[in-house]
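The structures considered in this document are given below.
Two complexes follow with chain A in common, the first pairing it with chain B and the second with chain C.
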Partner chain A sequence: MTAFPDPASPDRKAVTASVRLRHEAGLHARPAVKLTKLAKKFSAKVSVAMLPDGPWIDAKSIVKVMATKTPHDALLHFRAEGEDAEAAVLALVALVERDFPDAG
Partner chain B sequence: MPAEALRLRGHAAAPGLAAGPLIRLRDKPTAARSASSPETERAALLRAMEQAASDLARLLDAQTSEAAAILEFQLALLEDADLTSAAFAEIDAGAPADHAWRHALDAQSADYASAEDGYFRARSADLVDLRDRVLRALSGDAGVDLRLPAGAILVADDLPPSRFLEIDWRRSVGVALIFGSASSHVAMLARARGVPMVVGLGDIPAVDGTLALLDAERGEIEIAPSAARLAEWRERTAALTARREEEQRHLAGPAITASGRRIHTMINIQGLIDLESDASAHADGVGLVRTEFLFQQQGALPDEAVQYRVYREILDWAGARPVTIRTLDAGGDKPIPGVTIDGEANPFLGVRGLRLSLRRRGLFKTQLRALARAGSSGHLKVMLPMVTTPAELREARGLLDEVLAELASEGLPARRPALGIMVEVPAAALAIDRFDADFYSIGSNDLVQYLTACDRGNGELVALADPLNPAVLELIERTVAHGRRMGVPVSLCGDMAADPRCVPALLDCGLEELSVAPPALGLLKAAITRHG
Partner chain C sequence: MSENVSLVIVSHSPDIARGTAEMVRQMVGEEVKVAHCGGNPEGGLGTDVQRILQAIERAWSPRGVAILVDLGGAETNSEMAIEMLPEDRRSRVVLCNAPIVEGAIMAATEASGGASLAEVRATAEELSPVT
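Up next is the complex of A and B:
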C-alpha cells in the first residue's frame, strides 16, 4: 500500500491511504493505544475514518479512536496533512499491516 | 476478648494462608468540593490528573502483558484532551473539579456500557477505575498502601485491578472480598502474584484491627480465633512455609529424579493471566488450557476471531514449547448459560465435554477453526475431554478434517494439530488400545471420581475417593504402558500431580509428563527431585 497526495486537495499536501484491519479482535485498547501513540509522533494533522469519505476523526485521540469500536476486517482510511504527512501515513499503514507488533 | 470467634465461608480465589489484623479498604465518599474559582479548580484537577498519570506510569513499569494493557489504556485516556476538555469546560462554567471530572468520565463510561460488543462494554470498568483514581488524588488521598499497617488482611467489597496493582503486597498479606468472583480479573492477578484471596464472604462483621485467619486453601476466614486455633494455625503455616521454601529452591531447574529420569513439568491454565505467574516461566510447556474461561465472559459466546487471538497469544508466549488446548469442557460442574443443558438429573454423567461439543456442532467447529488457524505456527496439541468411545474420537477428527478443508478453500493459513484425548472415563481407560489418538492425557480428577463412584465435592467421601486406590493406579499404569508400546505420548493433568503423596506413585507408573496449576509447579518439581 502506498500513500499518495490527495487529488482533492493537492495544495494542502494531504496524503491518504487505506489498509485492512487484520487485528483479530478489532481495534481494541492495545492496538488503539499503539495507533494513537504512533500518530502523535508526527507533527502532521492525522485523521482516520472507517469510510473513504469520512467522518474523519483525530487519530491522535484514544477516546475518539476507541469510540469508533471498529471491528476486525474493517478497512481503515488514514489522511494526514502537514510537513511529515507522507511519513505519518506510511508509518500508520505499516503498523496496521504488521498487525500492531510490540514496539522494539 | 475483642470479638466473638466467627467463621465465614466464601470461595478460594488465590491459594495460601494469611493471618493478620483486618483492615477495611474504604473509598471514603470523597467530601464533595465546593467550587472555588475556575482557576483553582482547573489547577486542582490538573494536579490530580498528573498524580494519577505518574502513579499509573510507575505501576506500568512493573507489569507485563495483560495487566499492562489495562494500565496503558488508562494512561492514554488521561493524556487525551478529548476526554479532559469536557471536564475543563464544566469547570470554566463554575463546576467544582470533582463534579466536572466525574461527569466527564461517567459520560464516557456510559458510552462503553451501551456498546454491542462485549469487549467494549467491559472497558466501561476501566473508565470507572480511572475516574476513581483521579477523584482520590483530588481529595488528597495519596493511595492506600501508605496507610496500611504491615501484615494486614485487606477487606473490601470488591477490588478494581489497578487498585490491586498499586498495593504493596510485600506488606499486606491477603485479601478478603465481600463480593467478587474467582474468575474476575483481580482474582487472576492475585493468583499470578501469589496473594491469598477469598471472595464472596458476604458481610464481614469485624472492626478494623481484629485478628483474622484467612484460609485461601479452603475459602474461609476465621475472625477472632481462640488461642488453641491460633496454635494450630501456626503449625499449619510453618509447614506450608517450609514446603514453599523447598519448592522455590526447585522451581527454576529442570525436574530430574534421583535416578536421573527427566520429567516434563507443565502448567494448567485457565486464563492468559496465569501465564504471568512467576512459576509459569519455569514450565516445560502448557499441559492444559481450560478454554471454558473464554465462554464464561458476560455477554456473547466468543467468536472465531476472539478465540484465535487468545490461542495465538498463548502459543506466542510458549514459543517452541508445546501447548495443549482442551476443547470446551462445559457441563458437569461447569455449566455455561445457553450452551449446557439445564435440569439434567446427574450432570456429571450427562451431556458434558465432547458429548456436548458433538451436539453443538456450530460452536465446536468455530473452536476447531480458531485452533487450526492459531496452530499454523508454534507447537499446538488439541485435546478432547470426556471421550467414551473411539467413534466419538473419529467423529471429532472428521469435523477437524472438514474445518481444515474449509480453511484451505478460504485461503486462510492453518495447520492440522495433534489430536489427543483425555483419559478420564473408565470405559476409555480400560479399552485404551482402541483409541487411535495422537496423545493421551489422563484426567485424574474425573477418573478417580468415576472409578470410585465418589462425588469429589462430597466431604463425607474424602477417604473413599482416594486417588491412590490400586484400581486408579493400575489404569494409569496400563495407559502409560500402552502408549509406550505404540509410541503415543502419555501425560497426566489433575490434582494427583499436585499432591506430593501421589507424585511418587505416578512416577512409578512410568509417567514422564505431569501438568499442574502454576502455583503447584515448585511443589511438583520438589516431589520429583526427592523421588528415587
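Up next is the complex of A and C:
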C-alpha cells in the first residue's frame, strides 16, 4: 500500500492510506497502545478512521483509539498532515500490515 | 527534557500494585518509570503514607509524577504524601481521578510520547464517565 496526497486537500500536504486490520482480536489494548505510540513519534497531525470519509479521530490519543473497538478485518484509514506526514502514514500502515510486532 | 513523566501505582493490595506496574511495563514499555506500593506495614491490605513517599522517590522525574490509586484510603494517603513532599516537588506530583489499571495504561502511553504532567493526567481522566 502506498501513501498518496489527499485529493480533497492537496494544498495542506495531507497524506492518506488504508490497510486491512488482520489482527485476530481487532484493535484491542496492546495494538492500540502500539499504534498510538508510533503516531506520537511524528510531528504531523495523524488521524485514523474506520470509514474513508471519517469521522477522523486523533491517532495520538490512546483513549480515543482504544474506544474505536475496531474489529478484525476492518479497513483502517490513516490521514496525516504536516512535515513528516508521508513517513507517518507509511510507518502506521507497515505496523498494521506486520500485525503489530513487539520490538520497535 | 528527555525524561518522561513517571507513574506511581498505589493499591490496597500489593499484588494489584505490582501487577498493574508489570502490565504497564509489558504493554507500554520501559521508557516510563513506574513505581508501586500496596499493603500496610503489617502485611495486610491497606496503604501507607511512608511507602507512598518512598514510591514517589523511586519514580521521581523532573517532568513530574502521576499517581494512580484504587479506593478511599489510597487516595487520602496519597494526598497526604503529596502534602509531605518538599515544596519544590509538591506541584510536580498529581493524583489522577481514573480507574487504576486502565488509567495507568492510558497515562503511561501518553507519558511515553513526552507529554506534560497535565496532559498525562488529562488522558487518564478522559476515561472517567462525565457525570
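The rule is short, and it goes like this: the second predicted complex is superposed on the first by the 103 of 104 C-alpha atoms of A that agree within 3 Å, B and C clash if a C-alpha of one lies under 4 Å from a C-alpha of the other, contacts with A are read in each partner's own complex, and residues count from 1 in each chain.
What we mean here is this: a residue touches a chain if its C-beta (ideal position, glycine included) is under 8 Å from a C-beta of that chain, and two chains touch if they have at least 3 such contacts.
Source: prediction; values computed, not measured.
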Taking the superposition on A as described, I'd like to know which of chain B and chain C A:Ala29 touches: first, second, both or neither.
both
Answer with first, second, both or neither: which of chain B and chain C does A:Ser18 touch in the superposed model?
neither
Decide which partner touches more residues of chain A, taking chain B and chain C as the two options.
B
First (chain B), second (chain C), both or neither touched by A:His72:
first
Looking at the overlay, what does A:Asp58 touch: chain B (first), chain C (second), both, or neither?
first
Pick one for A:Lys37: touches chain B only (first), chain C only (second), both, or neither.
both
Check chain A for residues that touch chain B in one structure and chain C in the other, and list them.
29-30, 33, 36-37, 61-63
In the complex, chain B residues that touch chain A:
69-70, 72-73, 76-77, 79-83, 108, 111, 115-117, 119-120, 123, 126, 305-306, 308-309, 312
For chain A, which residues count as touching chain C in their complex?
29-30, 33, 36-37, 40-41, 60-63
Seen from chain C, its contact residues with chain A in the complex are 27-29, 105-106, 109-110, 112-114, 123, 126-127
Parts of chain A lying in touch with chain B, wherever the complex brings them together:
24-26, 28-30, 32-33, 36-37, 58, 61-64, 66-67, 69, 71-72
